[in-house]
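Paired with chain B in one complex and with chain C in the other, chain A is shared by the two complexes that follow.
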Partner chain A sequence: MEFKVRACRFNPETDEKPYYKEYTAEDYPGMTVLNALIKIKSELDGTLSFRRSCRSAICGSCAMKINGITKLACKTQVSHEIDKFGIINVEPLANMPVIRDLVVDQESFFDKIKEIKPYLLGQREDEAHNRFHALKEGEKISQPVYYKSEFQNLTGNEDTPNCILCECCYSECGGVVGNKNYLGPAALAKLYRYSEDPRDNDKNGSRLVGGSKPDGIWDCVHCQSCEEFCPKGISPVKAIVKLHEKSVKNSITFSAGSKHVVSIARSIGETGRLDEVKVAFESGGITGLINDLPMAFGAGLKGKIPPLRHKLIKDMEDIRLAYKELDLEDKL
Partner chain B sequence: MLKHDVVIVGAGLAGLRAAVELRKKGIDAVIVSKVYPTRSHSGAAQGGVNAAFDENDSWESHFFDTVKGSDYLGDQDAIEILASEAPGNILELQSMGVVFNRNDKGGIAQRPFGGQSFPRSCYYADAVGHMMLHGLFDNVLKYKTKILYEYFVTSLVTDNGKVSGVVAYDIKNGKFEGIAAKAVLFATGGYGQVYSSNTNALINTGDGMAVSIKAGVPLMDMEFVQFHPTTLKSTGILVTEGARGEGAYLLNSLGVRFMSKYAPKAMELAPRDVVARAEQTEINEGRGIGGAILLDIRHLGKERIMEKLPQIMQLSIDFEGVNPIYEPIPIRPGAHYSMGGIKTDYNGRTVIEGYYSAGESACVSVHGANRLGGNSLLDTVVFGRRAGIDMAEYLKTADERKFDEKAVKRDEEAFEKLKKSSGKERHGLLKSELQEEMRADVGVFREENAMKKALDKIGELKERARNIGIDDKSKTFNTDIVEAFEFNNILLIAEVITRGAILRKESRGAHYRTDFPERDDSNWLKHTLATLDGSGNIKFDFSEVSITKFKPQPRTY
Partner chain C sequence: MITYAYYPGCVAQESGKELDNATKFIAGKLGMNLIPMPEASCCGGGVIDGFDKNLKLFINGRTLALAEKDGLDIMTICNTCTLTLSEVNEELINNPESLEKTNEYLGKIGLKYTGKVKVKHILYAVRDDIGFDKIKEKAVKSLKGIKIAPFYGCHILRPSSAVKFDDVENPHGFEELIKALGGEPVSYARRTKCCGFQTILVNEATSTSLAGNAIYEAQEKNADVMVTPCPLCHLSLDTYQTVAAKSINKKLSLPILHLPQLIGVALGADYAEMGFSRHNVSLRGIMAKIRQNEI
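What follows is the complex of A and B.
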């Protein structure tokens, strides 16, 4: 069966802006979008540029937008796309500058990975097991003991170490759309991966502190795209939420985002109600409050004025019980 | 021109491991790679990495299994190092952040692998290569290592017999760059793209080996190509040996576990050369199913499959349309690994002073005529580390040398000439013809006349390659021109493989001659060394095999 591929083309040497070029190819059973692109490049047009390497969904090279959705070209079947859309539109990833055609500049993405200290911290270098040792005849080696349970969040099929850094999540991330400096889901999932490692010894919590600064874990907008578009079934947003919990539990609450969370919890714990004025003040301080004034004014005009004093709700006892159950009493 | 103390070409496991060793000592080492490091093919390794940890296991047993697995062509002094340093290397990796699955006692979990007399393959589900690659990459970031990514290395440069650097093409902007160094490591991987139906990444085009032989460094034992017994029928994508380690069966069209005929004791866990031949025999004798046989893991049960083999479950669904929980997977042998490569000693040194190689691109040789599963990841870290240490030592006494800028000009001109060519041949199509010819005639079973036919085809392709046309005249991310150069590299490597295979008139390990079906220790217990003569023709020399502890014996499983 013949089908059409419509590829987004752009060469900065000759083109002012991107354009689309259509190719016709012949389908075969099991053909992937990557197979189609390779066929087009080798038989029809050698100028079509894209990245590729393993063709088995483990190297992360060939992420691109296929019919508008970020995917790995190597694991996307041509027949599925044709059935749904009748054509194969391919475009480069978003949230990164385009170098040429389907090739984007990954520099900012990888710079952000570096920022989160993606390695074990504070290990004792003198520990016998960390030193290399070649065995002599008849000699056995002893191992450090770590139980399965200690790695339970790092050894599941869909746990964060399975991330292949393909940038699908980053391309779809709502947080990066709003703020180019936001670290993004892949880097933060990696931050979570190392913070969960039983061998990590980050005594002063420097990695979590770093991640709590502006552009870090509190800048996630919870759009869930990272989870939806991950080709490996990982959920960076769940990892980010766990990092929120971790930082609050470890009293790393200097950021507006964490103050916001703590303040909401406190407000509910006190009266069972959300005291919006107080939460705004406690999260953002005076400046935050002033920044919120126009919005408050607008809400006032529509008759939405929060009460100045909050009465306790009827079921306050249940809330206290729930807080006790969740060990949140000390956060109030 | 750039200048560093060490240039590491290739950012898979061997390259990254060497880089960590050098950067830990504060040495100015730069990594040069034609892809971003995490795209390297080491990441696709699935099943395991071998090391003797158990009380009832020993590194000496690992040593012997590897010697026997190599069909006695592996150098025993090097294999002794591989086995005795294995546990230390794995623990060191673990302390760097690599995660391995655990056993109930709190140690590293281990699974059986082919040709190993004890379950000694450490794993992370079925993605241990991915885990190790990303773990080492993170350490390279920790030591703030400079990475020149998407640079394609075109030449090795020497000065008075000593290495003085490399020439590289910056794919992003089309500029050539000289990178001067006192030590150079090639950790450039294998050449799986020589064959159609291979498990390898599209980037595995034997570039480092091709550049080396052109620089006068011998390639050793290149006729030994490993065909992996279990690759997906339609794509050649790898299905880990770990599946058989977990208990998978191989079935023919009659539903019979045919391995009982070929390796009655080891069955499915015989070494890869034995299993690949058994499968091909079944297929050739009409007991295959559409050119494939079946890998059955249904009896392992859903839970165990999901826990231990999640990646191959997903790959079977995505690429073969088969859910292995309910159906057996159609598989066939596919080109997988290069036992041969750039001749090095066990510190990674080559015949050129200051020039090193490690990993699949190198031939130490620890794999001899056949590599055992789980030994290649081990090879990368053991010898990547040793090369790193040796380079650090070498730098202490290495003198200054001149980097000849003319080398940069020469490569630049060759590129420009090729780019301007408007010939009619398309390198992508020539590549397919080469791959198909190599699969058909220099594959699992080999025979003189068929291989001579392959040689004729290679000759024809060399002629036609002069007439390659390049569509892309641009400087920005021009992969058309890079692929043309890669094609020339696999064409050269294919010729070295074929000539070596014609020369070696015996059957040993993965090299099986139907016209010489026996191993011939009196004439062929030796390494072949390929070099180029003045006019670019391939010639062969031989070198001795190191035999220290284990005298060659008949090899049965």
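What follows is the complex of A and C.
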């Protein structure tokens, strides 16, 4: 079966803006989008540029937008795309500048990975013997013992160490679209991965404090795209939410995001409902309130005023019991 | 007559009351019996697991158990409520440990959950339980000639492990509804992207630029109106539209409808019944256009 590939082409040195070029290829059973692109490059147009390496969904090189969604070209079947869209549109990853055609500049992505310190911090006290020193005569190298249970948060199908740094999540992330400085799902999932590693010795909670600063964990827009489009089945957004929970439980609540979450929990604990005015005030403080005053005034004129006092939901004591059972009353 | 446990969520009962009213209007016309849930609590606004994961399970497990006690499925009108209740439902159905823990709490308040409840957003409840054809039959106004930009938002589509109503890569439920009402769906890339609401009180610039760019793209595609299935998206897209315009430094003026309002207009509701005076961006122009379209 013949099918069309419409590839986004752009050479910043010679082209004013990106344009599309269409190619016709012949399908065969099991053909992937990467197979198709390699065929086009070798038989039709050697100038088409794209990254590729392993062809086995493990190196993460061939991530690109295929019919509007970021995927690994080597893991995407031509037949699947043709059945659904009738054509194969290929474009470079979003949220990064284009170097040539489907090749993007990954520097900003890897800078953000470096920013979360993707390595084990310090040394645990019981690892003191591991400090670098010349072995004395007869001294044996001893290894610390870790139990499997210590790694329980790092195992399972959705474990963050499986990340192949393909940038699919980063390309689809709403938070990065809105804020170029946002660290993004891959870096923050890695932050979670290290914060849960029993070998990490982050005595001062610097990972959680650093992650709570602007452009960090609280800037996630919860669009769920990172989970949906991760080719390795990882859920960065769930890792980010676990970091939220961990921060709140460790009283790292200086950011507007954490205040927002605590305020919603407090509102539900008090009335069973979400008190829009109170949550807005407690999250943004006086500055936020003044900032939003013109918008709030306009909405007020249209009658969009939430009640100042909320009626309790029926059987409110059920909700209070939930907080009591979970020992959360002192966190409000 | 199809009966649902009706879970409007908090915003539709507060600043977004026009959505609740429009939902009740169309439910009456379409034979949907909505049983109120006065005991139901807030779902946690999509962020409560950032406070405590088990609290999310307990309070939403309680809402699911209340519906199960009455033998009803839940109908929602908010994307985030839909996702939160669906996620908890999936967790309780698939994780015996979570179910046991939640039922231990529910047992103390005289409830139990066994996983029988389905959570349905109104868009897909209307599609699957009523049928778009039935709406077409009942419509008294046609939306012919109106270019309508559907804005799905996130939580009605993603993650598809929890919300399974539509094709996450290329959804079409919304477009099918618009076509059934005689309207012309506008195709634009940001229809399934984020409105930014979840960070509106945390990082307003990020949030409003997302909403602003979605509105701008639809406007550039000559949309007359945008429609959203979520009151939180509506706040971002309509209430904050002036802020969004400043944020992206573009002129924006696109009326934003709640999904039930779109159906309500086709079913003959007037301007006041749909609460259009509560919108930031005026709907008078678009309503005047629709008024001429008698079927």
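Operating definition for what follows: the second predicted complex is superposed on the first by the 292 of 332 C-alpha atoms of A that agree within 3 Å, B and C clash if a C-alpha of one lies under 4 Å from a C-alpha of the other, contacts with A are read in each partner's own complex, and residues count from 1 in each chain.
The criterion applied here is as follows: a residue touches a chain if its C-beta (ideal position, glycine included) is under 8 Å from a C-beta of that chain, and two chains touch if they have at least 3 such contacts.
What you see is a predicted model, and the numbers here were worked out from it, not measured in a lab.
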item: First (chain B), second (chain C), both or neither touched by A:T160; value: neither
item: Touching partner for A:H133 - first (chain B), second (chain C), both, neither; value: first
item: Touching partner for A:S212 - first (chain B), second (chain C), both, neither; value: neither
item: Which superposed partner A:R55 touches (first chain B, second chain C, both, neither); value: first
item: Touching partner for A:Q106 - first (chain B), second (chain C), both, neither; value: first
item: A:V241 touches, of chain B and chain C: first, second, both or neither?; value: second
item: On chain A, positions contacted by chain B and by chain C; value: none
item: Chain A-facing residues of chain C, complex; value: 10-11, 13-16, 38-42, 44-55, 58-59, 62, 83, 105, 108-109, 154-155, 158-161, 167-170, 189, 193-194, 196, 198-199, 201-207, 209-210, 213, 239-240, 242-243, 277-280
item: Chain B to chain A touching residues, read off their complex; value: 35-36, 38-41, 43-44, 53, 55, 58-60, 81, 84-85, 87-89, 91-92, 94-97, 99, 101-102, 104-108, 124-125, 127, 130-131, 134, 138-139, 141-142, 172, 201-203, 234-235, 237-238, 306-307, 310-311, 314-315, 318-321, 385, 426-429, 431-432, 470-472, 474-480, 483
item: Residue ranges of chain A touching chain C (in the complex, touch as defined); value: 67-69, 84-85, 174-175, 177-179, 182, 214, 218-225, 227-228, 235, 241, 244-245, 248-249, 255-258, 260-262, 264-265, 267-268, 272-274, 276, 279-280, 283-284, 288, 291-292, 294-295, 298-299, 302-307, 313-315, 318-319, 321-323, 325-326, 328, 331
item: Touching residues on chain A, where the partner in the complex is chain B; value: 11-14, 29-30, 32, 38, 41-43, 45-47, 49-61, 75, 99-101, 103, 106, 110, 113-114, 117-120, 123, 127, 129-141, 143-148, 150-151, 154-155, 157, 161-165, 194, 197, 199
